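Shared between the two complexes below is chain A, which has chain B as its partner in the first and chain C in the second.
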Partner chain A sequence: MTAPAAAYGKALDLITRVRSVRGAMLVSAEDGIVVAEQLMEGIKGPAVSALAASLAARLQRAMEAAGVGASLFWHLQAEQGALLVVPTSGGTLVVAVAEPDVNVGLVRLELLRAAEVVG
Partner chain B sequence: MTTRAVETWTLEPLVKFVKEAGARLVLVMTSAGQVLAQHGFSRAVDVMSAAALGAAIMASTDEMARQLRQPPFAALNHQGERHGIFLAGLATGRGRLVALVVYDLDVSSLGLVQLFFEQLATDLQAASPKESVPKQVLAADFERQLSDSLNTLFGR
Partner chain C sequence: MPDEIKTLSSQLAQDPDSLVFLRLGELLRHKGQLDTAHRVALTGLERHPHLPDAHDLYARILADKHDYERAFDEWDMALRIAPDHVGALKGLAFLYFKIGDVQQAAAHLEAAQRVAPDDPGVAQALAMARGEGGGPADAEAVAGGGATEALTAPEPIAPAAQPLEEARVFAGLEGAQEGLLLLDASGRVLGGALKDSGGRDVTDAVAAYLAGVSQEAARTVKLLGLGKWTGLAAEGNHGHVHLAAPTSDALLLVVRDRAVPMGRLAVIAQRAALAARRWLEAHA
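And now, the complex of A and B:
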């Protein structure tokens, strides 16, 4: 069973409380649309969501082709920040946008917790 | 897959959109269903049907919005098992145009189409001829103009 919409905001709130996290989103993996978001100004939510979902679909195929099963967590490190994603069993992606110095382990933990709430 | 345009200023923005959004079929047309550019169609009859149906859907939703005393709906999306259809209006120097986009769900998504449609609308707005007055199509010329347009759209 999935959580009520009110719980989504709380789940995102716990992610954005981690130091150096600039925003968090719940994204529909199938259509790349934002379900819920808490983003700092300057982050283009719809663009991140559409492109992250597209990437997730391609990664999924790569994982299947490699015979390693479904992806559980991915972390893309860039020069000026990072994108961290946990797919949920219900077809939602929990996405965090962070500064380069973020504590990846802590964000991962919060993303996994949020994924459990979202279902 | 080929992209062709009756009005050449539409070509570059459309080619860019198709590449970025991963669209399978695209029509850019006037609100009346006159096609300015197309991507992916292989038969003239399909273009004519899709343009007529797309224009009719836009006209229906515009009227629904009018009856609700709302501005016209920005876009309409219909998602099937394997394909999605995205239909939206955009403003250009050539007047209000309509884009009909068909995308495969395993190649693209509504989010991607929406994202790059915004760019398409901006690019078409910038590329469109300024202060152009749409030509009146007389009934007597209609068939010849339609035939010329379809010949251009299919490279004949």
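And now, the complex of A and C:
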């Protein structure tokens, strides 16, 4: 069952309150469209969501082929930050954009909590 | 020597943080008491995890016990802490000789020679590796002479010990033929292999799905203004994966079951990326 739209804001709040998180989004895994977002200025939400969804799909297929099953959490690390993603059972990606010094374990927990809220 | 072992054991018992474990471990190793030496080295390493000599000692004991994979890890760790550690450079050269990778062995010996130009063992092994007397097997024995005396009997490098080029990319790394994969930008396999939990080879299927992932990851982080991507770690229901780009045109995949923590996986991936980069440079 999909959560009401009001729950989306609450789910994103869980993530953006973590220190060094620059923004969070809910993205449709199927078509890469932004469902809800709380992003700092300058982050191109629609473009990032499209690429995140595409990357998620490729990764998912590769992981299933490798026999490690469905993706529960992934973390794209870069020199100046990171993209952290949790896919939900309902076909949504919960996405966080973060600074390099972010507490990855904490963001992961909040993404998983948000994924439960979103469903 | 038994008296010295007794004295050092007593000193270590009185002061467990003392560095005498290095000398004690070495003496025990020389005496062939490998299990005791192993315990001494491991306890010392737990107390001094950032001491390169402790990793070097432990690696030599592991090599004497023919546990080459873990010996490789320990020498590799010693070099991460102290990039000029001659013992670790000689030890890795020895392991590369063992798998028939004379080029890598010579590179490590050259690095050792830059640090210790007067070390006759290094010079002799290097000369043999370059074909200036003796063969690689002799060089292996000489290189091992400084690091793993118990292995001085040269083992001939039989054809079976000379793996295929692609298998050698990850030589000495754990899971080289079941959980490590190196691809080019088009998803073609350059080295390594993957097997699923049932032992089925899934290399080609996974490679096909990963084609283009590197470029997509690069585009995503560029769009976010995050610089270059350095890794992609993912948790799955039954296992973990880690992706890295050893060069801009290659993609490395490491797969392990869920028992291996993500942090450990990142360390394995770093080592594999280093090996892949060297291999790609050598075969450019």
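Rule of thumb we're sticking to: the second predicted complex is superposed on the first by the 119 of 119 C-alpha atoms of A that agree within 3 Å, B and C clash if a C-alpha of one lies under 4 Å from a C-alpha of the other, contacts with A are read in each partner's own complex, and residues count from 1 in each chain.
Here, contacts are C-beta pairs under 8 Å (C-beta built on N, C-alpha and C of every residue); 3 or more make two chains touch, one makes a residue touch a chain.
Keep in mind the model is a prediction, meaning the values are calculated, not measured.
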item	value
Combined model on chain A where chain B meets chain C, clash or fit	fit
Touched chain A residues, chain B compared with chain C	C
Which of chain B and chain C A:G67 touches, first, second, both or neither	second
Contacts of A:D13 with chain B and chain C, given as first, second, both or neither	neither
Chain B versus chain C as contact partner of A:E30, first or second or both or neither	first
Contacts of A:D101 with chain B and chain C, given as first, second, both or neither	neither
First (chain B), second (chain C), both or neither touched by A:A47	both
Superposed arrangement, angle subtended at the Cα centre of chain A by chain B and chain C, nearest 10 degrees	110
Overlay on shared chain A, then closest C-alpha pair between chain B and chain C (Å)	10
Contacts on chain A seen with chain B and repeated with chain C across the two complexes	47, 51, 54
Touching residues on chain B, where the partner in the complex is chain A	79, 84, 105-106, 108-112, 114-115
Chain A - residues contacting chain B, complex	27-28, 30-33, 46-47, 49-51, 53-54, 57
Complex contacts: residues of chain C adjacent to chain A	194, 196-198, 200, 202, 205-206, 209-210, 212-213, 216-217, 219-221, 223-241, 253, 255, 257
Chain C contact footprint on chain A (complex, rising order)	42-44, 47-48, 51-52, 54-55, 58-59, 61-63, 65-83, 97
